[in-house]
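By letter and in written order, the chains are A, B, C and D; residue numbering begins at 1 in each of them.
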């Protein structure tokens, strides 16, 4: 059987790609489309490094089949910054030194953006539980929580 | 402070309290934007035209003789381009050394990279295949037929030391015992450190405490799996792109394991997604090189998470017995520490470092630390933050907690009374130079956390830790660009923001704005040799080379200015980023940029390089305070407050220093509460994934407060000691002491998982 | 190499056909949070993957006979956002919400969590406590079954070849009713339950328990309905004695194993503790606290 | 004379258990050379992945490191990098 022809929208752009049934959305983003900002840390949905949004909902792209992207709106780390304007989360991750090695950072930023869309003023506990699916081994999460807090404040116009 | 900084004091308006313009500030890291936008290229992100996918075949047995490997069916599969087994690698003799020094046996390393006669742990590589697609490669791997004779296995150090235990290596005869054994065993070496006479010491003690402790092997847990791409050409050249803590290490190890000249291997470091010591050896790179040689195409090999858990890391777990004797007033008179560490499948646990560090923070006239390095059927232990120190500190700092209770003494007061200071003879022999242990205890005592009230089922624990910190062979080059911007070129992968500290130090020495400095990390062909990133050495040792290279640049800048002004070099001073003409008396100046603009007319490129074996690293000490709350009905413990205090010498970029303290504390908390390897009845790993290997997630931890103590290291330009290792030393005992206080029962076995704690509570 | 087929039917009828014609090992895909992990690990090799999410009936949340009808492919995050269901069955919604991370919540479904057949599935004890029923479609047409009858052992269900769950029905809630689900995991998130306990109860005006259902997860080869636990509560004001009796009944019902997640002793003891705590939360909710 | 201290297991294997030695030497290389003259074979062991602490400062795998007449020189195992 031939590969599936997938028509989708990625970060607002009409995109097509071919994939096999077993290929995950993460495989397709990285290997077929060269969007390597989404990282593979576990391929079992336990680390969140591959976090993307599908039709606005936060998911692990390693747990979505590439073919399921057909007709869907995909959002990845590559689409977070508007042109050369960094997203407030990106700015505050830099300002607060919320990354050390940086491998988990794309997933955290995608997940945190989704959090702030649902809840513009989360408590520390809400942040920690929303981000519990994103593993970071470097920072102990402290500076990540601080970065999300200050980004949220900026986005609320405070 | 050096000469030029003094002049900043006089002339530079924006100098800070610490006397520096840039050191101690918090600029955005130079590689930050790439990393928050997903543009940074990590190990698995490298792509070459015509690239094949490599897949590794791993032993399903904990211990087995390899009878035969039949690759014919795999080779017949369409799309398969190469298969390799141990037959494709040179046999390396026991005495054979790699070029240069490395703390490894290359014979063992080559047998860890590719099993020869025996598979020594579940996941041990036995073959590898390269094919045109991942699916074909996976299929081919499943077609490689390996016949095994399964052997009895052993996982625990004390079990492996028993006379009836299965022996992993016929040629291992325990070193360091008298008489030398005639029989092969799993104990590769006995280490002993100490001073005085412990029997006499314990005889004069008023109070003696002792206890047995166990800690499990734990994985470094970096989120990025090992990944590499190798491309070889018919002239015997190999180019490797990989995620590593040291491109020169990879070059040397690959050349040795594959039997190549070092000059034929070039290694380009990718951004590294965490290492913590786990990426200081090679696993995939030699396989990729040989696969590429046989296939004539580039080959990419990436581990999955299960491979990472089964076949890489961990650091050693093991057993420790600790006995401490003291006078009524708390003065320590004797200490005894006996430890058995699991080295994994090959010799080389860090047990000797455990022996050296355990009692190091204290003045103990009579001490004896004995360590046994024991091979077991687990992956070969790799370095992990302060290798060997955390388990020893867990035993010693827990025993001190018992002692403090017995003496009814405040645990910090007890440590203060016996704390090592400048001139103290360390437990491992030599005398300490300037150190800041007492300062961390002071800071802990005065921290509001230490006096905060506790609620029901809550307990507080305190523990300290020590690490040597190291220097080593390092190189740096500094190039002045035509427009006056500056490139700082080093060859040490940036795991936690070291580019930022290199840039800061260069800006400080040159006297220019940090935004004008671009730190770069290059491959093995573009820099002189530099030892790997690890042991908390980069900001200290490589940073020192950056400073020296900048000095050389300043000399040239002054020479050029002298030429322009027709004066002697000695008449030109370098002040706050400009040459100042002291001769004319008019205070003429030429900025670095102005000199750079005309460099072509005044003698060509301006550039400085420095390479040296940097010594004089300053020992580091830390003290942590931990509060936990336990649920007495379920045995769950929750860390509710945590404070990490450490003498770092000087913090070049305080944010990344704090980050090291917080990250190390979090790893230590995981080690103490939940992380462990779980093996099934056949010695195969059962929890090789993030779901059941339970590293702390965001909701498991509180904010981690830090206090950065700065007792400058006299041997570094800016007083840097090194930061990254110490923070994982105290947490095991800090958490265990806190849980023991909260549950009123001593928890001496890690991890303190809910079933274990509940059993202890019910057993009271 | 042979390729796995993929289809995404839009009606229950065509889904049944796709499964019937899907070769010797067709697999249904809802949230995929279990299936994709098994695929990647090579534990399953389906001939066909049938995506059920395009079938409106499997994504519906609506009221029915005073209760609720919930599509089997409804994701946790979707159910969590449904105020009416959350108000009537907070424990059930909590149970589903406990499955995995926010990312998993965007995909994981009630149907998938049940049909994966795990004894530790977090939403199942709450569903059983809620006396939920499921609507099953298959080659022989549609049938209905109690949730507790679906899982028969680890990874095993009573679903016949070609059958799949279309939706769940949550019965009308009596006045003064409440439910709760609690689980024990070593961390605070991202773990599989070591023990799970769901309790649903109803009290009369005097605060006497008139009806109760108690269910346990991860303490036996399949999720348990603990009738003795319900007995211990019914007719009492859910006082300390009743709670002790409940705990004892819960522990007595356990038939767990030692595994990487917990010991027999531990699971048996903690089952009682969690049943007690869940009952107290359910009671508060029943009393409108 | 500088005070030289061997690790106990090295002393046991080569120097009849005697860990402390008095040696007059200008650098670590000469120390090792003189020890090897007294205890044949010890040089190979001391050159193999050792660190040396001279008056409290640890040198990884040194060779020409200076030794003062009254220095304390401890031979230690090399320190791994985490």
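Here, contacts are C-beta pairs under 8 Å (C-beta built on N, C-alpha and C of every residue); 3 or more make two chains touch, one makes a residue touch a chain.
Please read these numbers as outputs of a predicted model, since none were measured by experiment.
Fewest steps needed to get from subunit C to subunit D, stepping only to touching chains, is 2.
Note on interfaces A-B and A-C: more C-beta pairs are in contact across A-B.
Per-chain CA centroids place subunit B at a distance of 26 Å from subunit D. Subunit A and subunit D, compared by their mean Cα positions, are separated by 55 Å.
Across the assembly, subunit A contributes residues 20, 22, 43-44, 46, 129, 131-134 that each touch 2 or more other chains. Contact with two or more other chains is made by residues 135, 276, 690-691, 696-697, 699 of subunit B.
Interface note: chains touch in the pairs A-B, A-C, B-C, B-D. Touching subunit C in their complex are the following residues of subunit A: 1, 4, 20-22, 24, 43-46, 48, 51, 54, 57-60, 62-65, 67-68, 111, 114-115, 129-134. Interface residues of subunit B facing subunit D in the complex, by the touch rule stated above, are 101, 103, 175-178, 180, 189-194, 245, 276-277, 280, 350, 352-353, 356, 383-388, 426, 428-433, 468, 470-472, 531-537, 613, 615-617, 715, 724-725.
Those residues of subunit C that touch subunit A in the complex are listed here as 3-6, 29, 31-33, 36-37, 39-41, 49, 51, 75, 77, 100-104, 106-107, 188-190. Of all residues in subunit B, those touching subunit C in their complex are 135-136, 138-139, 306, 633-636, 638, 673-674, 678, 686-687, 690-692, 694, 696-697, 699-700, 753-755, 758-759, 762. Interface residues of subunit B facing subunit A in the complex, by the touch rule stated above, are 26, 28-29, 31-33, 35-42, 44-45, 47, 135, 220-225, 271-276, 302, 304-305, 495-497, 653, 655-656, 658-660, 662-667, 689-691, 695-699, 701, 703-704.
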